[in-house]
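Scroll down for the structure; my scribbles are underneath it.
When the chains are written out, they are named A, B, C and D in that same order, and each has its own residue count from 1.
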Amino acid sequence: MTVTDRTITAPEETLALPAGPAVAHRPLGVFTRPQGSEGWRSWLFTVDHKRIGIMYGAAAMFFFLVGGAEALFIRLQLATPNGSVIGAGTYNGVFTMHGVTMVFLVIMPMAAAFANYLLPLQVGARDVAFPRLNAFSFWCFLAGGLLLVSSIFIGGWFQNAPDGGWFNYAPNSGLPFSPSKGIDFYAVGLQITGIASLVSSINLIVTVLNMRTKGMSFFRMPVLTWMLLITQFLLLFAIPVITVALFLLMFDRLWDANFFNVAAGADPLLWQHLFWIFGHPEVYILILPAFGIVSEIIPTFSRKPLFGYHFMVASGIAIGFMGWGVWAHHMFTSGIGPLAVAAFSVSTMFIAVPTGVKILNWLATMYRGRLRFTTPMLYAVGVVSMFTIGGLSGVTHAIAPSDTQQTDTYYIVAHFHYVIFGGALLGLFGGFYFWWPKAFGYKLSEAWGKASFWVMLVGFNFTFGPMHILGLQGMSRRISTYRADEGFALWNMVATIGSFVIAVGVAMFLWNVYASTRKWQRAGRPDVGPDPWDARGLEWMTASPVPEHNFDSEIEVERLDEFWHRKYGVDENHRVVKTATAEEVAHDGSNTKVHLPSPSYWPIVLGGGILLVGYGLIYNLWLAAAGLVLLVGAIYGWILEPADDPDAAGHHDDHHDDGDGHGDPSGNGGPDGNGESASAAAPADTEEAATVG
Amino acid sequence: MSRRLKVLVWLSSLLVIAGTIALIVVGIVVTDDHPLSTLSPVGRQGRDIARLINPIFIVAGVVFFLVQGAVLALWWRYRVGGSETGDGEHGYYEDDEFPDQTHGNDRLEIAWTIVPTILLAVISVFTLVALFALDDVDASDEDMVVTVIGQQWWWEYQYHLDGDTTTAPDFVTANELVIPAGVDVALDIKSRDVIHSFWIPKLNGKRDAVPGRSHDWVIQADNPGRYRGQCTEFCGLSHGYMKMVAVALTPSEFAQWRDNQMTPASAPAEGTAAAAGWEVFSQQCASCHAVNGLTSAANRGGAAESPPDDWDIYGEFNGGYAGPVITDELIAGAAPNLTHLMTRGTFAGSIFDLYLGAGDHIPYLELANRGTLNRGDLEAWISNAPERKPADADGLRGMPARTGLSPDDIDNVVAFLSTLD
Amino acid sequence: MATVTPESPDTAHAPDEHAHPSNWLYVKVAIALALLTAFEVFTYFETVHGWGDTAIIIMLVLMMLVKFFLVVAFFMHLKFDAPIFWRLFVFGLILAMAVYMVMLTAFRFW
Amino acid sequence: MADEATTHAEEHHTSTGISNEKLAMWVFLGSECLLFGGLISTYMFNKGRIGPNDIGPDDVFDIPFTSVSSFVLLMSSLTMVFAVSAIARGDLRGNRIWLATTAALGATFVAGQVYEFTAFYSEGLGFTTNLFGSAFYALTGFHGAHVTIGIIMLMSLYVMSMRGNLGPERAETVEIIGLYWHFVDIVWIVIFTIVYLFPQ
């Protein structure tokens, strides 16, 4: 493979992020810029996309345990008729927090973990476009998440937790009907996580559009990159809509506005429209990353390329587009009129087509493959199987008349858990097992992994399978209890038992993480090598764990699945033959001359400022003012941080890292007309970019 | 046995097992009588929905078995063994065998894009036909329109026998919607506070009650009977405790019931327990509960339990609110009209039976005469309602506690209520 | 894309600089904007002359769109800049209009 | 691909040939369309949902005044363009002058809005008065906040320039802030037409 030779040019000249040591250590006012990559402080101030990805994953896992505990309380309360484990008030808080936590604080950040860790690697970049902004996204998300979760404890157990459901319909969310601070926590907390998602989506979109390595055209990008990119576009356009809705709600509650005040003539359906215009793309925001992960795992363990790559990409784009035209199917019974119902019913049905294409392509990838059922493969096939169930039940309530029977019953609860747990979460867990060795240099135990998969799968089906039946038998959602003579006792008990089986499965996963880590620590690091699974993407083309600088030199990509093609060739009989080992092809991370963006204090300070503003809005505007001061200070500190010397163009350590253009406008302005050579290559790339926009 | 045959046997036995389990589950689900089941409709609309969805359930079931079968078949057929740890000479695979490196097949892709599209297009035609038929709310052949009003956490029904919902209703009742069997009954669904959803699963799908809006809906029951329902839009603290019942009567029974409902209550005879109960009631309860002929609007003026003005949406809003008009004392302040309480089978948002073990054994019209009053729940409810059904701490919604009442007072109130038949 | 590729290597600011219009063009655009604004305001005061509301709204929307695209195309350089900007921005714009117009239609707003 | 250029060019290679910052700003502006679209639709939906005797748009709007302040904001876009082309030419002094003028025009607009709000308030239209009031103040307030942030950014640029930190090599920074500024202007073009000029 001659390609390898060609790409290894003088390392120092191919740096994506140049920095001079003199700049990195330059004192700024009273502060010295943080340094070093060891110890806990280095995590607080890191701007490394991989560490940020890992922190996203860890935070999401913490919130997953919180949300899971809430789920168990729900199931305990409903296990028997007239349940009295938790009262109606607490129950409402618990199911609301369960939904909000799982959607906004678990699935989204878990996907963000993969996006942060893998997107730059998969497109062959050194880091994301704006590393400090990336760190800010994480801290801002964490601030919002902690603010939301703190509502459980502040002022008494679930006294001030949001209790209007994750959908939080007006006017029940108004002050007269929800006088506790709960809805304020909801509105403020989701605004903050929304800022995080929006900033992160801009950052990652720019990364994919702009930071691809040589030859990495759009149709050479892995499907995971594609799905994550589509997800970021959905976030980019959906977050502002919920922002508007949350602002209106906040104005109503804090400053007595009239947006949802029916007595003043407001129409509460406005909230529903705004919420679901956001909420339905949100569903695809949750599921598309998992689709991408599955599309990486199945080919690897089938020893085949993904079947119908272009159709997989196109169906993902189609889902992204169509996701904007179906929101009112959440409102078939709201009284939006028969014409609107008819239109949205039909549009919803056809969104099943691109989804079905994906399922069939995964099956076709497995067909005639050599399937190796490792833990990641089990999870991926689990997604194919379980998501299909969720998709099929989805079609049954795209049919509007039938939806009037099913909506707001446990049938819907079953449906979206098959989609979000059976689809998104299983996919993300598969991703953990798959990329764990890449991120940490050792594998999780396969035995424990398989066992925990089966326990989780069985528990999952016992929990949510019966809910289809309960829903069709007429059990409503969000009811804190039911009468004994309504006949719901049997399947509720089964579901509750199933939920504890899931909990065991999750505990086994955590034990696996603990035990595998211990084993690795005791034995000294067993080197899994760059490519433990014989995989296909560029992320496997560097050492495990990935060195801080990602790749030793810029990779030049010539086709889809570049890394695999560097390992394998075809002989005269069209048989696949190995031409190089992964170790020969991959970079070993030995290039220590790469300069990287320096760590920074400001992202976490800015996140802290936002947290203060958040609590301030809920409790005391003076606190908010203090937070605002901190926030503005952090922004200015941030802007002034890079060495601010216009004559030193090309020597700034983070010219790629500037949110609002205040910083160094990059070497584009350099005197020697640099950077512009790249634009000669732009036609093809931007032409393809059109398909994104 | 050839490998192919083995797979076939393995697969078919698996399918048989799965099919059997599915059949058993479906059997339990369909035959077991569930009062809220959507699977055994007994009304025209519910049946239309079932007729639309049942074939689709079958199609979905077929697709389900095909996909799951394909997953299992691929698994069985193409799995290979290999090193558990991946550190064998060939990594995870024991060999260097590679399957055909197929990248795709455009014709196949186009086929499995178009086939589901056609399938869904067919389904959507049937859907649209059913949708517009169900929405044809003028199908009702009765003049009568019932205004259904949801509030935290019970339902009020205002009967407009002439179908004119802009005038005062002829009579008002709560929680149990009584309709004549066999005919379409037009409903006009509204809300006084937050969004609720009216749903009698055996008769028809649900329709939201949205404050400030008025939604048309139709229900029909084939046969006389009692059909349970549950508010299905989350409506705050006691959402789970907001239930209702639709009672279908033969047309002649309905006429009888209707005439009775239109008679005002008469004052209990002097000196009886019921008279003492009325005393207590008029002081403690009448600020919210109306009893036609006995309470008056004056009882309710300025009562502490009335909602404060700034979110009082009871009155007519001139700029667009199409809510109910308070025209006379028929309509309660914030609580069910109790004029004919004893003719109902349930109370407190239909979470308690008013008569012990009555079930369907006693004809609806004879409940008041033949039923055994559920004194335990009724008395507990009167003295401390929030204990039985969580209500908001500020006392603005839900029935407030009356723990100050002595046992005698409560006995007397029950005696008074027992006269309301 | 044609506006981007043919740059000479010695222009520092390739995508936008080489095609930078003159200040006089900007002034002309500004004059057009000012005239349009004046005419918009004029319609407001001239409603008495018996134009229907619909006609006025259509005229106002047309003038608004012209102003909008004048600013976007010239002041924001989209006319001269890389097409990807145009696509990203217009995608957001069209999506916003489509989604919110459908929402208002569902409310039978028009 | 002309990748035989200098190594310096290699360092700043981006796939599209566009700088990250500028791309990010346009991506952000695409997203802002959805934000203002939501607020404008909320306003349109709610402005008429008031009682017949309630205070409404016709009772408070002062079209001549708002026309003048709209004109001021429109012209600030022109001065912003001048600022951008000045710095691209290397005319740092001209850049400073036009930045300051733009900020001043923006500040005039915001001051006009503050005056308008106080005038409306004294005529009886508060934020809580009715749906028209809530929707009007929310929409124009959001826009005003955007303008204010823009003014702060312009002033920061001005200070940077005074301290010698804003040379011609940073022309793109000015251009990016300019994009934001023009966006705020086009939002006002829409608001002015839909909120003020549409027949009520």
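By definition in this document, a contact is a pair of C-beta atoms (placed from the backbone, for glycine too) under 8 Å apart; a residue touches a chain by one contact, two chains touch by 3 or more.
Every value quoted in this text rests on a predicted model; they were computed, and no experiment measured them.
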>> Applying the touch definition from the top, give me the chains sitting in contact with each of chain A and chain C.
In response: D
> From the centre of chain D, which chain's CA centre is farthest?
Replying inline: B
>> Comparing the two chain pairs, does C-D have more C-beta contacts than A-B, or is it the other way round?
In response: A-B
> Which chain lies at the heart of the structure, taking centres as C-alpha averages?
Replying inline: A
>> Rounded to a whole Å, what is the gap between the Cα centroids of chain A and chain B?
In response: 37
>> I'd like to verify one number: the distance from the centre of chain C to the centre of chain D, where each centre is the average of its C-alpha atoms, in whole angstrom.
In response: 14
>> Counting only Cα atoms for the centres, state how far chain B is from chain D in Å.
In response: 50
> For chain C, which residues are shared contacts with two or more other chains?
Replying inline: 4, 9, 12-15, 82, 84, 88, 91-92, 95-96, 99, 103, 107
> For chain B, what residues touch not just one other chain but two or more?
Replying inline: 317, 319-320
> On chain D, where are the residues touching two or more other chains?
Replying inline: 5, 16-18, 22-23, 27, 30-32, 34, 38, 45, 49-51, 169, 171-172
> So in the complex, which bits of chain A are touching chain C?
Replying inline: 209, 236-237, 241, 267, 269-270, 273-274, 277, 324-325, 328, 336-337, 340, 668-671, 673, 676-677, 679-680, 682-683, 686-687, 689-690, 693
> Residues of chain D touching chain C in their complex?
Replying inline: 5, 16-18, 22-23, 26-27, 29-34, 36-38, 40-41, 44-45, 63-64, 67, 70-71, 74-75, 77-78, 80-82, 85, 88, 169, 171-172, 175, 178-179, 182-183, 185-186, 189-190, 192-194, 196-199
> Where on chain C is chain D touching in the complex?
Replying inline: 4, 9, 12-17, 20, 23, 26-27, 29-30, 33-34, 37, 40-41, 43-45, 47, 53, 56-57, 60-61, 63-64, 67-68, 71-72, 74-77, 82, 84-85, 88-89, 91-93, 95-97, 99-100, 103-104, 107, 109
>> Quick check on the complex: what are the chain A residues that touch chain B?
In response: 87-89, 91-92, 163-165, 169, 171-172, 174, 176-179, 261-269, 301-305, 307-311, 333-335, 338, 341-342, 345-346, 349-350, 352-353, 356-357, 359-361, 363-364, 366-374, 381, 384-385, 388-389, 392-393, 395-396, 399-409, 443, 446-447, 469, 472-483, 485-488, 532-534, 568, 575-578
>> Under the definition above, what is the set of chain A residues touching chain D in their complex?
In response: 13-16, 18, 129-130, 198, 201-203, 205-206, 209-212, 214, 216, 236-241, 243-245, 247-248, 251, 255-259, 261, 264-267, 270, 274, 639, 644, 646, 649-650, 656, 658-672, 674-682, 685-686, 689
